[in-house]
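Input: structures, listed below.
Shared chain: chain A. Partners: chain B in the first complex, chain C in the second.
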Partner chain A sequence: MSERRIDAVAKATGAAKYTADVVLDGMAHVAVNRSDFPSALIVKIDTSVAEKVEGVLGVFTAKDLPVAVNLYGRRVFDVPILVNERVRRVGDPVAAVVATTREIAEAAAELIEVTYKEMPAITTAHEALESNAQLIHDRPWEYKGAVVTPETGRNIQSLETHGSREAAEAALRSAVHIIDETYTTPGDHQGYIEPQACIADYSADGSLRVWATNKSPYRLRDVLSSVFGLDPKRVEVMPTILGGDFGGKGAPGEVPLCTALSILTGRPIKMVLRYSEDLLSTDGRHASEIRVRLGIDNEGKLVGGIAEALLDGGAYAGFKPVNTVNLHGIVDAAIAYRIPEFFVESKIVYTNNQPKGHMRAPGSPQAAFAFESAIDELGRRSGIGPIKIREINLLSEGDVNPYGDTWLEYRGKEVLSLATSQPNILDIPKGWLYGEGVALYARSMAAVPKTSLRLLRGQGGKVIAEVPIPENGAGGQTVVREMIRSGLGLNSDQIEVKQVSTSLLPTDAGVGGSRVSLGVTVAVADAIKLWKEMPPDQDAVEVTTNEGSDGPSGAYSAQLARVAVDPATGQLKVLEIISAVDVAEIVNSKAHQMQIDGGTVMGFGFGVMEDLLEDAGQPWALSMGEFKLPNVADIPKLSTVLLHGGKGVGPNNIKAVGELTNCPTGAAIANAVADATGVRIRQLPVKAEAIYWAMKEGGTK
Partner chain B sequence: MNINFTLNGKGMELDVDPMALALDVIRGLSLTGTKEGCGVGVCGACTIMVNGSPVSSCICLVGTLVDKDVWTIEGLAEKMPELIDSFVEHEGMQCGICTPGQIVAAASIDSVGASSPEEVKKYMAGNLCRCTGYQTILSAVEDHVAVN
Partner chain C sequence: MQSTDTEFLIPTSVSEALRNIAKEDAIFLGGGTSTALLYKTRMIEPARVVWLGNVGELKGMFASPTEVKIGSMVTMAEIAADREIARLLPGVSSAAGVIGNARVRAMATLGGALAHADPRQDLPPALIAVDAKVSVRGGSSSREINLSDFYEGFLETVLAPDELITEVTIPIIPNRHSSYLRYTPTSEGDYPTVGAGASLTFNGDGKSISTAKLALCGVGAVPIVSSEANLVLAGTTGDDSVLRRAADMVREAVDPQDDERGSADYKRDMAVVFAYRALKACLVS
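And now, the complex of A and B:
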């Protein structure tokens, strides 16, 4: 039932308006002076020179802020709007300049003299755990929303475990073959092309309007009303289009600062981050170190497993939105396999690095790299083989997964079989080593999020659908139109879908967790039902869906990477990535395919190029010149095979797709490199230098 | 200082600092289809066409545009509706922030004469897209090249 996407013409002609395109009367611009040190005390801030610059309307520091408590966050309120005493990372905001233009504000921000007294910095997750390590936050358990206690341990943001360590260790002792290896991944950034931006417009009557590159407008409204003591009914987050998100645009960002400055100056305040500032000061993907132990019996069956993850959460925990302040993708590392005794620990620590948050399937790309590399190594070392060991241990009908759930269906073996049975028509460079590697990923998708929606009668028989969330590019608004089109028997041009401000609908949980299509389809189906029963004198129906669960179920992807390695230099060419994807019904086939392709390219970037180069408390990849994202000439051939006939969820019988194919790619590539060369790379991104030196020194698969 | 150039087919005379960035000057004329992305000439979101060639307006001083023939997405959308249609039909976009830059680059492809799929790929490598995985963009550009 695919028709062209709803926003295509506006986006192709340049007419679509994004946050940075919004201009308000009397608007002023802000630039921030940020810390150059990962850890230091502020001794003195001299703003006198900056204040005298022509066009500067004011220079502000923490002591000027119109708040009772100078802290915000998504769940844990531990992020300062402007730092008062102690900077905890390079890039911490220290002072803000408001000026008539962005350029004047930026120039003046450079003229603020800040005197620091340097403190020792903790720049790795391991250092943070040492018994004499300096405390990044003296009493983190006192922050609003904190999940730690004084007993949790030094510098810990969040600690989650599942299963019994003792039972898993006992099971491993009984194993015939064991793998015990550690895998690392670097800090990464979502890489959206639109830098974060916002406008806050506070009026003396106590009302606030906000435009922001934010995918969770209702949560943003609630945070702002809490921080500034405003009536939530008078905080209005306006509709906008997002120029990419991938998990990075859920936090309040610079909106609290711009709100404070709008209150202080009486003007609308706009801030558009330079991309280097976005790389420095937003919330990317956690660097990880994951030790995986797996043991099998003499039939190749897993008897036990332990995964221990240490994640660098950076200076603040406030960018993680979930109740655990953790990354569920880490805990779910073994979700596709039958492991009688499995123990997992996910420990996120404070350091003096950039704070980290959510990025497309939080925790899963790291966990899948570690787990799917480990099981591959175990398969090769034991002689069982990397595909066979997965076939033996993937869950099948009636099994209970390591978390105690029984899914409606398990399709791991089928996607694995599809991914590994596709024809090979590649040209292998002459003299290069060729290899293939497979990796698998599964995610739970039972949760139905809270959302709301309204259908209205428009002119000439038109139906207007008002939705609460911004279009982030995935095509959620097109899904709404397609459902109304088929549900009410209309043509596309009789339907208008538009996001409305937070004052016009009751609620929404925000974009994320591959659940937009699911939440939206539940709401639209309810609304269509009410619409059909609507009396002629009524003009609108409104629905609110509650959080719910549709029975334990999941979606799978398996990828096969085909690679060639130059034996002389270690240069790696990823020639093809085949994605086999588990689907039920597909609402919009083009949008669905782009989630698969875009996810695979992002997984490829994570696998071979992306790295914030964090070292000594400083990310060194601070422009797109250094922070490399895959371009069209970099990427391999992308092939997709769909495994149809799955049991989906919701009224449209669908499966999650947005976070499926970016997760297994790193492991598939590393496994293919091992197949080609016999050397095992346990650190992402996989680099030619690492392959070269490993081949030179000799390695093991 | 007065700067003269042709913008979207019309003569322009602007009193601006020649050291101002073309990106800022163009967006200041309410032509906001030209987007700011990386700011360092890597991502291609700010691509404009200057004398038929693609230029990153975020690293282009407006003073260098004197007497040049400059086109933005707004002008090209009217001049080359079939190219817009090609991106729309192939859905060569998701979030859309890179789309104007992709289309302006595609419109300028004659400047290098790229025609084979491999040449098109190489030519389009200066325009990053984080959403689509590039396949629909390539289809749109290849169609455009085939028709011309």
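And now, the complex of A and C:
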């Protein structure tokens, strides 16, 4: 049974209060003067004209910052709050104006005169690796949290490998059929509706309150306390609602800058990015180039594989949160398949492009595009067929996956079979070429995140659940309500779920990683147990869950794209995307379906249109007119088939869904184009023009 | 941004509007869909904005057996929804109905769509193909300009700074069939990679073509008019091979630029494809 989401009415009526809606007494606004150059030394900053503008309270540069070290990050601290000497990307913040209004601050920021001395810029990942390439950071291993050493190599942010290259090379040499192709994807942006915003309010007593478009309040608190040397107990990140996230709202963003300015001016400082500024200066998806080699024996069985990914991390590594400072989706590229010898390398380099971070299933859309295109090509070229080659090589019960794990169950073959067996009732445009393509994605969901939660007695038998997670739009708070409803046998209107500040609950890992529902179900189950045993004189129970693991298990999705191509123009119409999704128990079927549909639309956008148009260090897609996201008229027919009866994880037997359907779509579309036209597009987004020229030249599948 | 300093004027007649525009550093504002873009990107920073929304005489739309007149403050949505325009001028109707999205069409005006002179706009080729004339009033004079002579360059028209488009007149010619097709391969809501407006006027026999008109957007700094199409098609019955030959003539006429909507080479090829399709659509319409 699905009930209305907790945030639905407030969002629909406009009552929901976002960060940009928060107004504090004495609040001042900030605007930033940003670098126009991808690589340059700052010779001089002249703030004298800006300072004289009426309403300007102060103009600040790096020299003014109240910090010991002018750097922050999610894991690696390599991002300057304001640049002191050297700008490393277009959009690097050089000076900040604090004024009584946003408009005054913006006008004054333009009056700051910065003199630069241009340096050579490195604007592709390949250039960064050249032996004589300019060093983007002179000694990146010295940054706090760095995972590289002087030996790692030039301009590298992170290098991860798995498996043995030699063994995989040897296996490939023994193969009967081989595929060896390279696939590329562009820089992308999460495309949330609400641009990033924050308010920092520092008091002279050393306490700091923060409102921010941030989905990881506890991580944000820890970063701020570290950067500014504040007692974490006195840093309070306030509850807020997020207007979309998709991975982009985990970084500290402009909070360190606003905190510094609040300390300097003694006022609450607010910053709301213009959308063009958000496209320019936040942390989107890494552009990728992935070479995939796969080899099969004469029965079609994979004997070996190598995937080598080169990712453009941009000017700073500090937007990636995990210990490896890498993207797990790249390393996990072969997780659905049985490959005796698999080697993968994920190399992320510094360039003078925009820094990149996490976006819905970090690394997986890129890896799935490459791997699922390659296996499709191998299936077609070898004559085995794209579906059959997957059936032969998908893991089945008892198998060990390429990472040494044995999952509770493998349901790749079942989702593939469901996706490819649905009826076709489409009207194909007359004279157009029709084709179908499949792609598959699996993700591990063993990790149970740490979180905490409190249940309180409310008025009239109500139960109030205080949670540490912001509602990012995915429905995590609604999941909490549903679990309490079923666990305590209450009606929805007897339960109130509210986010509280970081001072009122101990911990949380943040929203993301398709793990919110799992973490929440563990915490709620523990809390309900305590609640039922709670003595009458007690009013609340609080639980904290630690990181753990269940399974190991995973969730699958398979997609079939049905496309038509106009042979005269190359125009591609994606007519239908069928998503077959592996499920166990579903907590809220509407929210679950929204994740499937929203993910598919996001995968479709990645597949056919999204591109920050980064060129020579400048992103050119700086408005929603140029940065294309799918609109309603573009979206194909979306069909879902659920594969029920899976073995889930946690006390409520659930499977992850938030990052399942956005990953395989690009490959499914490219595979369908190959089916329709005979030409293979190995670069996303799949553009009509690329199909057109490839068809003129006469390609191969 | 200078927003707080901008004077906002709201005339209620054309003559008042013309007096307002004569003031220093003033611009006209129709529906705002073009002006707001130019304003936000600071391509314009006017001291005065003269909003035409209350000038009733610019909002008329009349169809007679010999001509259609559309006031410059008529919106795209109103043009697209008008049944007489759909019947008499299907190309114009279709162009007005595909611009931007529903929100844009509800606000964007005919006068603004022409004066903006963004060469990717859909309406100019659709209107040029049916011989539209633009009526313009200035402080002391008024004139009528063929739309095919209206554009001088990227974002440039023959309009003087104090001139106002009041209406557009389209002659209704018997036995004329018109069409407009746009090509947006990336997203429906995008500017067209190329758009093609065409008309074919037939002789009394209903079979042989007396006049052919063809105009394109997106493939030059101004709307491209192909006079060669008429040379190839006039006097023929518009057989497929002749249509293709006529369409192929635009290859030399266009002057596209590489951008994210396609390379110049691709746009040139697509101009030919859509010129052909627009001409073909006139045969079956």
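Note that the second predicted complex is superposed on the first by the 701 of 701 C-alpha atoms of A that agree within 3 Å, B and C clash if a C-alpha of one lies under 4 Å from a C-alpha of the other, contacts with A are read in each partner's own complex, and residues count from 1 in each chain.
The rule is short, and it goes like this: a residue touches a chain if its C-beta (ideal position, glycine included) is under 8 Å from a C-beta of that chain, and two chains touch if they have at least 3 such contacts.
Note that this is a predicted model, so its numbers are computed, not measured.
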Contacts of A:Ile428 with chain B and chain C, given as first, second, both or neither: neither
Chain B versus chain C as contact partner of A:Ala133, first or second or both or neither: neither
Chain B versus chain C as contact partner of A:Ala633, first or second or both or neither: both
Which of chain B and chain C A:Gln571 touches, first, second, both or neither: second
Partner chain in contact with A:Val69 - chain B first, chain C second, else both or neither: neither
Touching partner for A:Leu613 - first (chain B), second (chain C), both, neither: second
Contacts of A:Ile387 with chain B and chain C, given as first, second, both or neither: neither
Partner chain in contact with A:Met119 - chain B first, chain C second, else both or neither: neither
Overlap of chain C and chain B interfaces on chain A (superposed complexes): 625, 631, 633-634
For the chain A and chain B complex, residues of the former touching the latter: 4-5, 7-18, 20-21, 190-195, 241-246, 272, 274-276, 471-475, 590-591, 593-594, 596-602, 623-625, 629, 631-635, 638
Residue numbers on chain A that touch chain C, as the complex places them: 103, 106-107, 568-572, 608-609, 611, 613, 620-621, 625-626, 628, 630-631, 633-634, 685, 687-689, 692-693
Chain A-facing residues of chain B, complex: 27, 31-40, 42-43, 45, 72-74, 77, 84, 87-89, 91-100, 103, 121-122, 124-138
Chain A contact footprint on chain C (complex, rising order): 1-4, 37, 101, 183, 185-190, 260, 262-263, 266, 269-270, 273
